[in-house]
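What follows is a pair of complexes built around chain A, which joins chain B in one and chain C in the other.
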Partner chain A sequence: MGSLFRSEEMALCQLFLQSESAYTCVSELGELGLVQFRDLNPDVNAFQRKFVNEVRRCDEMERKLRYLEREIRKDGIPVLDTGENPEAPMPREMIDLEATFEKLENELKEVNSNAEALKRNYLELTELKHILKKTQVFFDEREGSLESGGQTSLTQNLLPEDSKGPIQLGFVAGVILRERIPAFERMLWRACRGNVFLRQAEINDPLEDPATGEQVYKSVFIIFFQGDQLKMRVKKICEGFRATMYPCPEAPADRREMAMGVKTRLDDLSTVLSQTQDHRHRVLVSAARNIRAWMMKVWKIKSIYHTLNMFNLDVIQNGLIAECWIPVANLEDVQLALRRGTEKSGSLPAILNRLSTHEAPPTFHRTNKFTKAFQALIDAYGVATYREINPAPYTIITFPFLFAIMFGDVGHGIIMALFGGWMVWREKPLSAKKTDNEIWNIFFGGRYIILLMGMFSMYTGLIYNDIFSKALNIFGTSWHGNYNESTLLTNKELTLDPGNKEQYDQYPYPFGLDPVWQIALNKINFYNSYKMKISIIFGIIHMLFGVILSVWNHRFFNKPMNIYCEFIPQIIFLTCLFGYLVLLVFHKWVWYGAGGADSVSPNCAPSILITFINMVLMKGYQPTPEGDPCSPYMYAGQFGFQRFLVCVGLICVPWMLIAKPFILHRNNKRKLMMSQANGGEGVIEEGGGEAAAAAATEEVHDMGEIMIHQGIHTIEYVLGSVSHTASYLRLWALSLAHAQLSEVLWQMVLRVGLTAGGTGGVGGVVTYFIFAAWASLTIAILVLMEGLSAFLHTLRLHWVEFQSKFYGGGGYAFVPFAFETILEHAETAVTE
Partner chain B sequence: MMKICGPKLSLCCTILSVWAIIQLGLMAIFFYVRSPAFIEDLKIDDHDHHDAEKFLKALDTSYSTIAVNCAISAGLYVVTLAVSGWQMWVNKNS
Partner chain C sequence: MLDSVFNIDCGYLEGLCRGFKNGILKQTDYLNLVQCETLDDLKLHLQSTDYGNFLANEASPLQVSVIDDKLRDKLVTEFQHMRNHAVEPLGTFLDYITYGYMIDNIVLLITGALHQRPISELMPKCHPLGTFEQIEAINVASTSSELYNAVLVDTPLADFFGECVSEQDLDELNIEIIRNTLYKAYLESFYNYCKSLGGTTAEVMCEILAFEADRRAFIITLNSFGTELTNEDRKKLYPQCGKLYPDGLAALARADDPENVKQVAEFYTEYRALFEGAGNNPGEKTLEDKFFEHEVKLNVNAFLHQFHFGVFYAYLKLKEQECRNIVWIAECIAQKHRAKIDNYIPIL
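Then we have the complex of A and B:
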């Protein structure tokens, strides 16, 4: 478990790869996923690198595959995800892949363009068919009106008398979008001054637009007019409105013949079209079977070449040189992977060479699915400095616990635990179902946290004896109301005396709070004092723990000075002032109570807050007034002891502030004198090279800088102790607010539902509906909103109050080159 | 095979009714055994507060009324559970 306690030991390694085996080696390392490569040519831009062409080819392949995938999705063909993980293909296979994709793309493009042309043709023919069918009606009408003679027709009357027989009217027939009809009609009327005659009929079935694939509604129109000029004008208007005009023979026989021809051609076309569709479908189905694997292969090749681009060229030996971070524990695995890679390509073995460096290595915490979420909470604040104490393992317990102090309610805890438990139980199927729903992903990622938070809330709920603002009387309450009838009738409020054996059993409820408090009028006063005190106690324990953890940091980084000059005064300061406060709380709890002597009765208990303020402000001795049994002090010698503690605490402040800079200053001076004695260079020369120079610069710091740094550090700690202690009071505030809110919800909603309906079926129905409302409000407000706010406050308590005591968080994360993560990223990018 | 509500609504109703059956069932029992935890949830008229006998009687009636009401609505939730469970089954199969 050392790996969770602090981050993994990392080694900077140099890797000599033969150019033939470089590809296979990197591919093996990608499968392994434990190596972080460093970019050795950061100044070279992307276009000047060695494997630009390969990366470009991969991009091209990716584009083609995307196109294929889009087409597959358009046809609604399910993409087979077998979950298999094909190995990165050898470089020579790339050409095959390229050829395959090229062929597929071309085939698909051809099919598509053919299909489009066919569809356009088909559309034209259908339109023509409709025109012939609809215009037939118009022509029939015209002929009918001619046969029936001129008397009934209005137009006939307006025509000059001498013109006998049908007038030679020209006409234009076509199809237009239905929504354009009104404008079209108006335009025709105005431009031709009412001298044209427009008839139109709607085509009932929607037609497919071949360009966009949308379904559009169109209408058939036919325009009658006289003379060539009008004809020109009408045609221009038609063109302007994007109407398609079709030649329509005048003679009925021709029209019939044409209709027949159109019909046969349509039949032919539809068979051809369906065959084209079938072909396209076949192509896509066969592509869909492989597209996942192809995509993965291409992504892998691309990432390998990207990595190879980061390497240096070794011109003399015809090889590549890489630098990478490897966890020391995995050096063997990496060696094995490299051997596999060279065996595959059959060239000389790769050489792995460990380098020594002064650069800070990346931080790598090996996590599992359970610790991952907690580590993520810590990393969100700042990635740990290399090999620093990692707060995550403690967070696993403290996080749900501090959360539960604020969220203490058995009912809400059960709901939360059930939700978390369900996600944990259905882990595999749920994680297989990839979704880009961000909220769900957050919940699912934190499923173990949610489960733990729910279970801890159930525990604290039992301690608070609170379930949906009701109490459970499991062990039998210790309080009994034994007032007689007349007392009950005459008093509005009655007090139970804890000193009275009849009213209080003299032993507390065995577990948690006594259920009687839930229906007591002074419940809030009691809870306030209790919850405030426990939040201070837990807060100070939490902070003390953080300070103690810093010892492991100082010892590990071999800074004994920090233990003597920082840790010891810090812990003395904290225990002398705030640790003593906790002791006072316990003392008051134990010492004062009903049923004892007057001097330890509840009335005499001094306020801890006042006592503490007086102590810190160094207020003088307060004598007990004559005849008063109550003393302002809780035990003998308290005044002197407190004075002593304050003095010790105050001494710690200059200790923290001065000691370290002073010792550093003295050391510097001594070193300077020694180096002068050695002729100025002796000490630095000894180690030789960069290492000694770096060490020397680290030692000889600017004194002013050290003073300022130490000053800030001290002020931060001293003021922080006060403000952080106060900050833990949020535990009290939120838990009280949560309990009150849940009680208000019960009173305002569910109680109304229980009492409003009265007897008979009505009450049951009212309860039925009100319960649903109460349940949804409980989920929305109490579990979701309050849960979120309690979560955020807990997060803050960990990030600020706890981690500020020992955690630097100045590292950077280890991002290994791993196919797994690369594929995951690529896939989410595609689904988006 | 009639589909009334979608998969989400039927799931939501199923969960709600399971919760309601458990809670309302327990509450019915607690009210039936005159649990003092629910003493503030009773319906007692103001004028009954001044006479001990009347008060006790009102207390008793309110306890049993609410117990019955809880039981009735728990029963209604059993019906809801059946309907939503059936709808879930329909949604699953379609």
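Then we have the complex of A and C:
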């Protein structure tokens, strides 16, 4: 748990690996996933590194596997995913793997090329079959027209009228893609000047293109022409349009014979083809069984060699040197993993040295599935500086709570909590179902946040006594209207007096707000005052908490000066002005009310806003007006006390601004004098004096920077505490907006349904539809949109108002070398 | 066109194009590329650039021709994506760009057919941007009028063909004349089209196309020395939309040797600089490279303006130059001829 409050302690380590055992050691570390390696040759090109050949071999293997997988997918064979995680194979096994893949690829390629040749053959025969069938019609027509002589047929124009016997017409028959027909026809007409005659018929069934495997539609055509020159030309055009031409005998008997031959050959071919397909299927099925494990192995090998490429070569001892960040708590595990790695390869043990460094180590928070999402919210703003206070554990409570203040509604809270709860309950099956739907992944990643937000909203909803904009009267209201009927009928507005025992029971509603407010005319005024005040109260507590957290940072980084010169004036400033404001709110709530003396009656209560403004503006003493029981002050000595608080607060400003630079300046001066005094004794030569002078100028330079930095810091804090306090009013504003929207939805939509149609069945039908509209609007607008907006505002309150008080966020995340994440990335890349 | 409404139709594509342009290799990438020992090294380095895994599915050892094809495929895919998403008038503009490739393809196929090479062997050499439906049937034609009537009349090139319809048989010289006449008509038409679009597009594109026209004029003149092309015929081939028109072209038409051409260039500041540093001796850049460099400069400048179509043209040309560079480097590596490996044209 320790690492959630602060990031874990990290150690920069140097690893000496024997070249024989380096591979196995890195493999073990990859399984462990707790080591971040540093690239020791950042200036070396990717292709000039040591293990580039191995990486290339892996690429090659990957390519073959991808080819296999594509083929498997093409045939729709399910890939077996047993979920097992094979270890990275030894380097010598790589050759076996390579050989296996090579064999598989070659086999598959051979099968494919065979199949393609067969398919081409098959296609040709089918096309020929179609040609023979379709052209039969054309020839029949021609003969028919010949016989009948005077019939008006298109073919007839080509044939001589006299009966000396027909001129020998040549013809070409073939098959062409259907979409190319119009251009083809036009081209023929133009190129042959209209001296050809084209007939075409569509082949109804799609044919398979052997090269791509796609289904294409084709047409049969037959072109009649006269003479050799035209024949050449027609043939060229056919070639140009990728039409396939087939010999087609002229005599009907020959055609019939040919058709028979084609049919038998087709039958033979289809048996051969199905055998080839079976063989291919067998090969692929056996490959599909292993392909997942092979992929993982190759990815692991590749990542190991990528890691090894980041190491330095130790020429003398024939080993490799690596530098890496390791969490101190896991040094033992790493040692064990290294030992396992060396045992596997049976060489000298690897040596792990801790190095001391000035470099900032990476930030590592060990999270579980619950804290992960909250840590992600913090990291989205900025990864924590190494070992500074991590806001995530506090965020777990404050985030859903501040959200709930804005989203306070039991009904909407239940919907949200149920959704979050469902995701948490079905966690395992849902997370196993990997999807690249970004929106779903965001929701699922934040399932615990959603669950908590929903539950907290239910709580605040009960406090606000608000469920779908209606109130629950669980304990019985404390207010009673005891007016008689005639009064009620004649008066539009009636006031209930809290002092009157018959109208008010003199004790409040036990939990949350009294349901009577729901029907009160001054409901909005009352809610506004209440919600505004609690927003300020929670805001100031939240900010004070943030300022207090900074103490742990100052103490941990051993900067006592920051406590005296920053933290103390900051906290005094905040409590004197805004902390006092909170106290005033409580005082007013407790002190003023019905049933007491005149001076504390409700209409005597002074406005806190005005009081506070007067206090900060240092307005003079206001005496109580003559004969008025109400005093502008809430307690005796308030004027003097407020003066005092303002003065203390104001003193804090120069304290924050000047104290730290002044002390730093004095310390520097003292150091400089010491060094000069030493130099005067002649122990250090001139060079030393020069160096000191140089240091001094540097310090003067620094001084200006420190002054500016401190100035900015102070101004930011002082102005910030005003603007941040005001910023917390968004809690009130959003809560108000949410309540109003849900009320509008009830009044304008659902109530229409409930009042429509009177008592008959019509009302029920109308309500049925109106309810659907109301429910979907509630989900879409109130839960989703309002929820999103409240979420964003909460996020802002945490990032800006809370974290600016103590959080630096200048670190970088710890990215360990882990097979788990690498495989996950590769997997998603493949599925894309 | 109003700049403020440009983004409604073309904002997405312009953004896309500028994004693609940012992926163009930088000087540091070239420095790394020329250090490569083998083509596999080249592949490894290209993987770390915007090219990504475009060679990942190719078996080693790699061939330069494979790299060339893949580079071109990638560029064509990008261009066609933009074309498919374009609305008018950008669609016409992008179509205009492809006409240039069509002319090259036609000439390639006819020349091949003259040398009795089968069309199927020539087709893979054609630029995929310049293909059209009837292109493979081009060897039907034996005269230019046949070419026009049978093949080209349905293509967009028909408009440019008007001047070169003749009954003469197609031969080498004839084809070159057809190519240049077509190109002249094409350039002038493209120039006028850009001008009619107006605004920044006209400003940027006219500059680039004017240079293109002038370059063609220079090159035609230089290549015509020692051939049977008469000065009179030559003059007809000069595109008349460049800065050389009309005085420079008239002077070029009279030129008889390379020295005369250089004298013509002297009158134009930008061309004088190009001719001055050029030469064929080692250490000197050829005139062709100089022209390419100038073209790259103009194309890069096109990206300094916003809300215009010139970026699409410029991107295509820059990317083509990059492909030429990579292929050049790859060739040098493959042939172990490293002395000239630095002769690529860096894109600024």
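The definition used in the following text is that the second predicted complex is superposed on the first by the 744 of 832 C-alpha atoms of A that agree within 3 Å, B and C clash if a C-alpha of one lies under 4 Å from a C-alpha of the other, contacts with A are read in each partner's own complex, and residues count from 1 in each chain.
As a convention for this text, contacts are C-beta pairs under 8 Å (C-beta built on N, C-alpha and C of every residue); 3 or more make two chains touch, one makes a residue touch a chain.
Note that the coordinates shown come from a computational prediction; the quantities given were computed from them, not determined experimentally.
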Problem set entry | chain B versus chain C as contact partner of A:I563, first or second or both or neither | neither
For this session: Pick one for A:R242: touches chain B only (first), chain C only (second), both, or neither.
Result: second
Exercise. Does the superposition put A:V283 against chain B (first), chain C (second), both, or neither?
Worked result: neither
Exercise. Between chain B (first) and chain C (second), which does A:A471 come into contact with in this model arrangement: first, second, both, or neither?
Worked result: first
For this session: Kindly classify A:L729 by the partners it touches after superposition: chain B alone (first), chain C alone (second), both, or neither?
Result: neither
Exercise. Considering each complex separately, which residues of chain A are in contact with chain B in the first and with chain C in the second?
Worked result: none
Problem set entry | Residue numbers on chain A that touch chain C, as the complex places them | 45-48, 52, 55-56, 59-60, 62-63, 66-67, 180, 183, 186-187, 190-191, 233, 236-237, 239-242
Exercise. How about chain A: which of its residues touch chain B in the complex?
Worked result: 470-473, 485, 488-489, 515, 518-519, 747, 750-751, 754-755, 757-759, 761, 763-768, 771-772, 775-776
Seminar exercise, completed: chain C contacts chain A in the complex at 32, 35-37, 40-41, 44-45, 47-48, 56-60, 119-120, 133-141, 146, 149-151, 153-154
Seminar exercise, completed: The answer for chain B against chain A in the complex is residues 16, 19-20, 23-24, 36-43, 50, 52, 62, 65-66, 68-73, 75-77
